[in-house]
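What follows are several structures.
In the two complexes below, subunit A is the common chain; its partner is subunit B in one and subunit C in the other.
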Partner chain A sequence: MTTVSKINSTLFNQAVFVNAFCTKFEDWRYWLFPLLVLILPAFGMAVTLSMPHPALTAENQKDYAEFIQEYYTNGMVFSFVAYLFISDGPASGKLIAESDTLSLLFTRPITRFCYVISRYCAALVGASLVMSLSLLLAKVVGLCFGLTAIDISPLMFLSILCNAASWSSLMIFLHSAAPLLAGLVYFILYGCSGVGAIYSRAEQSKDIFLEVLKSVCLFIDNWFGDLLPTSVNLVSMASTSAFDLYEFSIFISNIGFFLLLAVFALSVREFSYGAD
Partner chain B sequence: MYRRGKIKAVDNASFEVNAGEVFGLIGPNGAGKTTIFSCLLALNHPTSGEIEINGMSPFDLDVKPLLGFLPERPCYYRWMTIKQFLSYHHWLAGLPAAERDSAVKRVLSLVELDVDIKKRKVRELSRGMLQRLGFAQALIGRPKIFFLDEPTSGMDPLGFILIRKLLLQCKAEGMTIVLNSHHLHEVEKVCDRIAFIRKGKIEEVSALAELSQIRQILIVSWLASNLAVEIILKEVSSTTQCALIDTDGDTAKFSVDTNEKAADIIAALGTAGLRVFKSSFEKRELVDLFLSAPSVESGGAP
Partner chain C sequence: MAQTKKPLSTLAIPIWFIVIVCWLLSFRVYAKLTQATAPAGKGVAWVSPEQCEALLKKPGGPGKDLVLYEFTADWCPPCKKRERVYFRAPSVISEINNNFIPVRVDLTNKQLSDLPATKALTDKFDVESIPYCVVTLASGQKVDDDRYTFHQKFSDFVVKSKERSHPVKAKLALVRGDYQAAIKELSRELIAGDLAVSRYEFDDYLMVHHLLVLLNRQPEIEPMMQKSFAKTADYYKRYDEDKSKAALDWLKDINSYLRGQISDKQLIAGAKYEQDKANCYLAIGLSKLRSGAKSEAIKALHQAAVLSSKSYRSDGLSEPLVESLEK
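This part shows the complex of A and B:
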């Protein structure tokens, strides 16, 4: 019994999970944001399809379906939903409120590792659930308008799960690190992943400074750009002749990387409960 | 020691708290009291030195169930109802779910927080009520060691009395209490020992009983006399080894640390020919002692 409770308090904490996953949703106002995410594709489709439009052919059915699918691989959408589960900020009427509440929480028998894992699981399950329900709703609305091409295969739901895992890992890191540091790391990684790509397309310049800058950016992009979480679409990956195992392994390792980073950031983080 | 950059928030602070005692940390703002608490609660990592609570590191998970903590600033989940908040902390403390409701009722009755706990949200509570809620939260796991940072902060006089009553009750139950407070009168009423902290350094750790002895002032009055009063007073001060603080011709003030010394002074004055008709003690409060320290007089901590 003691061992069980010890494992419970070191690996996964039910109280933290339940608090992140459902307690704050007892306030109906907190449902507004997840509901918005949930109904947005179905609502958009209903509005579009209810207007006069050409007959649904196989071709434009495919276009509609692809457009809908993009929503379920969109990093911003997943990040937003994960944030709603991970953070207590919106419920407290603030963007970030954890510095306050965490100081009291860590006087309880719970490890910081356990906190990260429990909150991550809440975000993973929560984001997957909201997005899966959203997909099902889109499918139902689509069927009402004769749109049958929306994919609700197990691979699609698996994609949602993977993307929730990926973007939740980034959000749990942002939640665990000191807010300023977290923001800085995020934007540096985001910048690294984009700047290199831009420079790689730039033409050869005569300006040595610009060339050096380009080399630096490409170097950063090569080494650090891949660290930013990405989205996967297993449906399209599976439909290609060769499954890109390398890309998928980077995707998986990113999740692990951000979880480790989150645990590390929270472990070294100090909390001040007194005057700011 | 706890150091960040050039600032040493806590420097060479060393003290022990005995089981079952009430230990007070007092000092001016910015003295390092809260940082010491943060280190004791494993919220901050000390730069050097060791902390042991019940023979364990404060980072040890086994030590946490022994602790109860009331923060200075209410940092609670504002969106929770009172019941949710206390139940959550009961759950976090790893206590059995079957006891949860009764534990919540017990602590709420202790702190006399009489509101609709199922509907009232934490964000709707006044400062004083939040303090009571914090007290209830700290008590919920029946802790053995209780850390209180400014327990009476934001409370009305009734709250003051309640907190004092609760502290004495906890003390009677054998709980070890470490508190820091600016309300020195409150500290005086509940603490067994106190530590004076300034600029991150513990200047003195004293039992309150000892302090109450050294800070007594004996005031003696005698009938008008033609004797050389000043010479007599100096002699009496010298023979009894009690400092003469002040005199105005027919009254004198001596600093005394025991009742025996007071009796010696009165007897010596009589022997010297002064007819003492009145003597009394003037009690110096903890606040006087605190303010009379050189570092406070020169501006206190940064």
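This part shows the complex of A and C:
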């Protein structure tokens, strides 16, 4: 009871944030992955454009710009970058013990909610920062080769922020759950998101089993298919479609839902700061 | 031990956070249950296939010369997404309501799919998957279609299909021999040679050339051909050298034929793909038609129709011309 009463009820713990955001990067090996994400698009573009290539006509520029836009709204890239900040990676207990963070972390107990939110913030800021810097680097490299069409409008950066927000929430839930469960949930979510697409033109079947199977698959797709975050491209949405309150409700409720699940998942595991 | 068995006590989730998440999830369920319903009077003014049939048969015509068919079903998640995202964008709504007769073809169940008007449409357009959108003229000629499930630029598709309806109307006017009406439907850029020539819209280029000859506008022909060639060369710069050279060689051959510098046989011999051969036969057919060799024209145009249907597209010109000549 005494322990519980001492729990700090604030939403955000700076030490957890700093640990997730900076401390583990004291190990140089951990720089490799964010650096790779940071320079990969710019490097790929520099290699392509420095080799003999078709002239950069207006159409070609558009193609390049669309490709770059797709990369910076790609869920797989965001999930990878977010996980780099959420996980502890090579930051073992030893590393944390050597760092200044340790004293801060254990000065007083924090709630699981606070821990989750702080780590989520670190992932959100980290992923947004890495992807935004990477986009800027791609823009600069593109300009050096005469490629001017890469979009660096505020909407593009907002898209990066939205994608980072949704994928970080899923990743923090998967990180909080037991590894086997996390893997299973990830595959189930992928399955649910694609199961409805099989029935793109399904005539009614006489076989009752097939009809039941179809109903089940469509039900799963309808109610659980959108739990896996979808890519948000505000640039494209702003120019071609209406504001969709439904899509927005899915986006925002997914974030809250996964954060809540993350806290519950963490509660059934032995709670430790640092080591994965 | 007793304390570790009470993990929930250390969760300490603020009640407001739980309330917000619960509210968002409830809103999500509510939005899911009501997602297909557009605000009354504010959406696309859809009609059923039966209502469309009645409109098209109405004396004096339906008042609009384009029809947009949207094949959809209640159980189809991408169709619902299209409904929410594309058919509720104000620009798309006004564009469709002002220029098209919008027809929603509902394939939710067998009863609806088997309705005569619906079945006629699914058979006519060979609908194998949904969502599927087709634009036709009110007279039934297909203008364009959209098979992409998550078409990011649906508004562009609607605008482009409106533009693409003009060459289709021009072809119909050409077939019935109204050359002035045909050339009026074509854009100034196309007639002036300000557009690149694509293999898949080559029939438009040949049609412009054909109409200019028929209307005795000879001085415009050579500049049109030269400008089109320059635009095409510029367009193909986006591809690698080999592809660009192949495309331009093919256009050079056809232009030589149109200038009377090579024979029919030489033209056909230079074509590698079926689509190119179809275009060559169309050029030959139109040339024979101008010279009055009717039977040879029918033969070449028939060949063009067969070859273009083999490559899964119709040029929209050879087949109706054959039908009209045979009559």
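Note that the second predicted complex is superposed on the first by the 226 of 276 C-alpha atoms of A that agree within 3 Å, B and C clash if a C-alpha of one lies under 4 Å from a C-alpha of the other, contacts with A are read in each partner's own complex, and residues count from 1 in each chain.
Just so we're on the same page, a contact is a pair of C-beta atoms (placed from the backbone, for glycine too) under 8 Å apart; a residue touches a chain by one contact, two chains touch by 3 or more.
Note that the structure is a prediction, hence the values are computed from the model and not measured.
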| item | value |
| --- | --- |
| First, second, both or neither for A:Trp223, with subunit B first and subunit C second | second |
| Partner chain in contact with A:Leu35 - subunit B first, subunit C second, else both or neither | neither |
| Touched partner set for A:Asp88, first subunit B, second subunit C, both or neither | first |
| Contacts of A:Ala55 with subunit B and subunit C, given as first, second, both or neither | second |
| Touching partner for A:Lys24 - first (subunit B), second (subunit C), both, neither | first |
| Dominant toucher of subunit A (residue count), subunit B or subunit C | C |
| Contacts of A:Phe257 with subunit B and subunit C, given as first, second, both or neither | second |
| First (subunit B), second (subunit C), both or neither touched by A:Thr111 | both |
| Touching partner for A:Val140 - first (subunit B), second (subunit C), both, neither | neither |
| Where subunit A meets both subunit C and subunit B, residue numbers | 9, 109, 111, 268, 271 |
| Touch list for subunit A against partner subunit C, complex | 1, 3-4, 7, 9, 11, 54-55, 57, 59-60, 63, 109, 111-114, 196-197, 199-204, 214, 218, 221-223, 225, 233, 236, 240-242, 244-247, 249-250, 252-253, 256-257, 259-260, 263-264, 267-268, 271 |
| Subunit C residues touching subunit A - in the complex, by the definition given at the top | 3, 7-14, 17-18, 20-21, 24-25, 27-28, 31-32, 35, 75-78, 84-86, 88-90, 92, 107, 109-110, 113, 127-130, 149, 152-156, 234-235, 237-240, 244 |
| Residues of subunit B touching subunit A in the complex | 34, 37-38, 41-45, 61-62, 64-65, 67, 69, 71-73, 75-80, 84, 88-89, 91-94, 123, 137, 149 |
| Complex contacts: residues of subunit A adjacent to subunit B | 5-6, 8-10, 13-16, 18-19, 23-24, 26-27, 30, 88, 91-93, 97, 100-101, 103-111, 268, 270-275 |
